[in-house]
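Next up: some structures, all given as structure tokens.
The same chain A turns up in both complexes below, where it pairs with chain B and then with chain C.
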Partner chain A sequence: MGRGLSRALAVAANTFRETVRERVLYNLVFFAILMTLAGLLLGQLSIRQDEKILKDIGLAAMDLFGVLIAVFIGTGLVSKEIERRSLYPLLAKPLSRSEFFLGKFAGLGFTLLVNLSVMLLGLLLTLGATGRRPDVGLLTAVYPLFLGLLLVVAFAMLFSTLTSSTLAAVLTVGVVVVGRFADVIRGMREVLPGVPQQLTKALFAVVPNFANFDFKSQVAYGEAVSAGILAWVTLYAAAWTLIVLGLGLASFRSRDFQ
Partner chain B sequence: MSRAPALLLLLIAPLVPLSQERIDRLAGAFRPQEEVLYLWSGEHVKRLVPGFESLAADIYWLRTVQYFGGQRRFASDKRFELLRPLIDITTALDPRLEVAYRYGAIFLSEPPPLGAGRPEEGVLVLEKGVAALPDAWRLRQDLGFFHYLFLNDAQTASRILLEAAEVEGAAFWLRTLAADLLAKGGDREASRRMWRQMFEQAEEGIIRDNARSRLLILDSLDTADALARSVLEFERRHGRRPARLEELAAAGLWRGSLVDAANVPFGYDATRGRVLIQETSPMWRPE
Partner chain C sequence: MPQPEAGPAVGASREPVLVTKGLSKSYRTGHIIQGRRPALQDLDLELHRGEILGYVGPNGSGKTTTLKLLTGLLRPDRGEATILGEPLASRAWRMRAGYLPENPYLYDYLTPAEYLDYVGRLFGLAREKRRERSRELLALVGLERSAGLPMRRFSKGMLQRAGLAQALVNDPELLFLDEPMSGLDPIGRRLVRDLIRGLRKAGKTVLFSTHILADAEALCDRVAVLRAGRLVKVGPLGELLRLDVTHMEVLASGVAAGTPGLEAAARIDAVGDRSRLEIDEHSLGRVVNAIEAAGGRVLGVQPVRRTLEDYFVEEMGGAVAGGSRREDRVGEWGEG
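For the complex of A and B:
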């Protein structure tokens, strides 16, 4: 178990180094910082809303760029190794497929954590530089955002074990979009009363509700997010991520690489 | 990069500022924003940006401010046709954006050329805000003020101000103002108190400037009334009306200035003895 963990961590560390080397990641961070700076300028054009707009832009950038990284790097984590044929020598070593798969997940998860932390720091500095109080409450929006991104990575990895990286990216984006419209599924009967309630309930249950990870607006207004709700969101994210990761792992383990 | 393409780029690059300068010269450097809104429903816009509603509301709010400023400054007809839909979309995307209701209502209610001159719509925007933010006493206060200041409805204004006074944290003077409105049916002093409140509550910017200007208008109206009283006194003493306002000073009946707060001389109708703010003055407002 101990050795397995250290092997998975080695894969994670390598994945982190690899993703940081990816130029696209640097570009995204660069753009995120640019957006925050743009927020600084845009804030001056608004009326009394500069602080809220800065927070909105900063948090939206973290969300958007985080999802882009999770989808486009996440779908390539496994498939690239297969396409480059670098997976075969790895699996020939004393490294199980589970260790490889989970190590990849942890590596990208850590990249996203670093990415979010840098952006959060940038946002706090921007707020400080404009004479606003650096709001540590922003963490209560960033933390659930991170949990949502981990779930996106899990989906990206699941799809990448089933199909090509391009199609996997399309499917992951689809899940994220549908997940953000989960409330529409829940309220479907208000528009289409003929739809059986069981169907809407079943559909709502099988779609991850990404709105659960979204506290951006609340936090931008300086409202507190309770520890209770954050705990439930953590549990919700953990359950979904474990299920999706489990499916991905099962698919990866059953795949024939001959 | 080899030398030839680099040289070509260096030669082409100055064409960009040059052509921009020519375009500005022909079409004007600042052009009013195009009167185009592709999506008219806030709910539709909301569905297009799941998870980013708050950011979209900021963008629409910025566009509202830019549109209002652009129309006010550069448009010749100043119809502000997109103003209401822009405010509606902004507030549908973020129903808690209090500033959009308060400033949006002012933009809509002020008479042209300062605003859209549609106070009924301004009141509707504030009513939407009150429904969305029932605990925001300032929104209720503004709704009461607008009923009085723009719709001349002292009774409704008084009722709404009393409702605002019931909200936790509301200002203590709302109750007395409501009672005064009900008792007197409204007067200039009530208007002055309302504009002074708006002035004191607003930060530097459009709303504060507007409230300041409104207070100066009220001061000018007070001066015009005082001058009219002096005209009556002159007539009582001399058996005729003065031909010009300067005669009041010569007769020792007026010691102050004969110009309004914008330094424009007051108008005087000698046949009827009326003293008026001239239409050419920034202090003039339609009756």
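For the complex of A and C:
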């Protein structure tokens, strides 16, 4: 293993440990409670109906908790280190700024992966425990959701290199909200002809379409997501994440730490 | 008062391990109307292998800026530096150097042993080596009994010592220490002083910034004096201070300011029955006789040398605080 990769992995491992020690994974407890309550309450409904609702609730909760972690932990990943000056002793070592930045990204990415995996397992167990078929097809909804969360983390890190963690969180939430309604923005001119076309075009160009990562309803209804679509979503996520992460890295590398 | 250590440092040589030429940095000021405030101007400095160089100056004189430039946290506006034979921008020299920032913040959710292990990984040390090094260093800085405690439970002094330990993980040849005694109690300060002395004995080179002049006097082979971002003086302490005796200090009991024969004293401070007299060297015999003739007792006689603090007050008083009283200006320089 290259030395640079080994150092980035050390940063990633420490970032994961930080999220665990700072009790970020406590959201799993809420998820467990939510699943238990949903399972109990939906026992009265017909099998077909409650299976869909259970999957819907489970996937929506994964999405919500994932976005909250990606935004609020993501924006603190770099800015907290700068504000507390904890990166000073580290950057004076053979650790490059790129290794530090990418290690942080990988660390939070791993936290999100663990988080989603445990929640998915919880959903499958709830389905099994309430007499429904544990549907492995749920993975086809969770995988794109994970890719979308990685992109959210990349935005959070980019903004946190430019401004305070609070403003970075606001900006990241803004990108997520606009990105989720990208299709609405695209059609905005048809509803509101007064909106300048340049504005909608510009917004559409700088904000990814987060709806591309959303297969929750489709999967909840038992519809399959093809491998081709998943491959396209992977490429879409990779392109956006690389661009946003690259911008964040460029900004971080050019910073002075006064 | 601590005295400069006698003799050359073990392993000290003229081999430069750090050379800066015209190193300069300014900071942007203002949001709407932007200007630049110079923080460091044209720093030319050489640090030789095996020596301890004290980097001293008032707050805001550019000490921390220099160390941040050397460790890559800031980028210079102009100028260059060579560290351990490598250009400043190279990462290779970092394998052989250590850095303790001012008031270090270490991850408080980690124990010091975990933090040292993390740092060891950044240097590519094997697991067993990291464990061994962590044990050694925690013992060295007196934290072996707190090795398993999360650092959020540490006092400021303990954090400072953990910070020192992380700077030593790679057994560095060159150390940059930014205010290493800051926030330490007397025991902690003694420990860090002894540690720096130990580093010198081991042939390490140390550049440490401080505003506590007594520490610089006690530890440094040479001192570099910084004022308003400019290096104003650099040299051995003896040369800087001219270590001649400036006057004698006599501690006596049973005498007062009006006692006949004590007119030679430049200053008499009385506290209760005891008096402290400042006299010149040649008047010593006369004053001692006068004390005894008046029925008093000489409790002690001590030669007084010019201190680094005196040097600052005399040479740079204007830059320190703008205060006119000597005591005020000494106070600005801290706890020494």
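Assume the second predicted complex is superposed on the first by the 226 of 258 C-alpha atoms of A that agree within 3 Å, B and C clash if a C-alpha of one lies under 4 Å from a C-alpha of the other, contacts with A are read in each partner's own complex, and residues count from 1 in each chain.
Please note the rule applied: a contact is a pair of C-beta atoms (placed from the backbone, for glycine too) under 8 Å apart; a residue touches a chain by one contact, two chains touch by 3 or more.
As the structure is a computational prediction, the values presented were derived from the model and not from experiment.
After overlaying the two complexes on the shared chain, residue contacts for A:Asp256 are found with chain C alone; chain B is out of touch. Of the two partner chains, chain C is the only one touched by A:Tyr88; chain B is not.
Once the two complexes are overlaid on the shared chain, A:Ile53 sits against chain B while remaining clear of chain C. In the superposition on chain A, A:Arg3 makes contact with chain C only, while chain B stays out of contact range.
Using the contact criterion defined above for the overlaid structures, shared-chain residue A:Glu18 touches chain C, although it does not reach chain B. When the two structures are aligned on the shared chain, A:Asp135 is found in touch with neither chain B nor chain C. Residues of chain A touching chain B in their complex: 42, 45-49, 52-53, 56-57, 60, 63-64, 177, 180-181, 184, 210-211, 214, 216-217, 220-221. Across the complex, chain A is touched by residues 47, 50-55, 58, 61-62, 65-66, 94, 96-97, 99, 103, 203, 205-207 of chain B. Against chain C, the residues of chain A that register as touching in their complex are 3, 6-7, 10, 14, 17-18, 21-22, 84-86, 88-96, 256-258. On chain C, the positions that touch chain A within their shared complex are 27, 68, 71-75, 91, 94-95, 97, 99-101, 103-107, 109-110, 118-119, 121-124, 163, 166-167, 170, 176.
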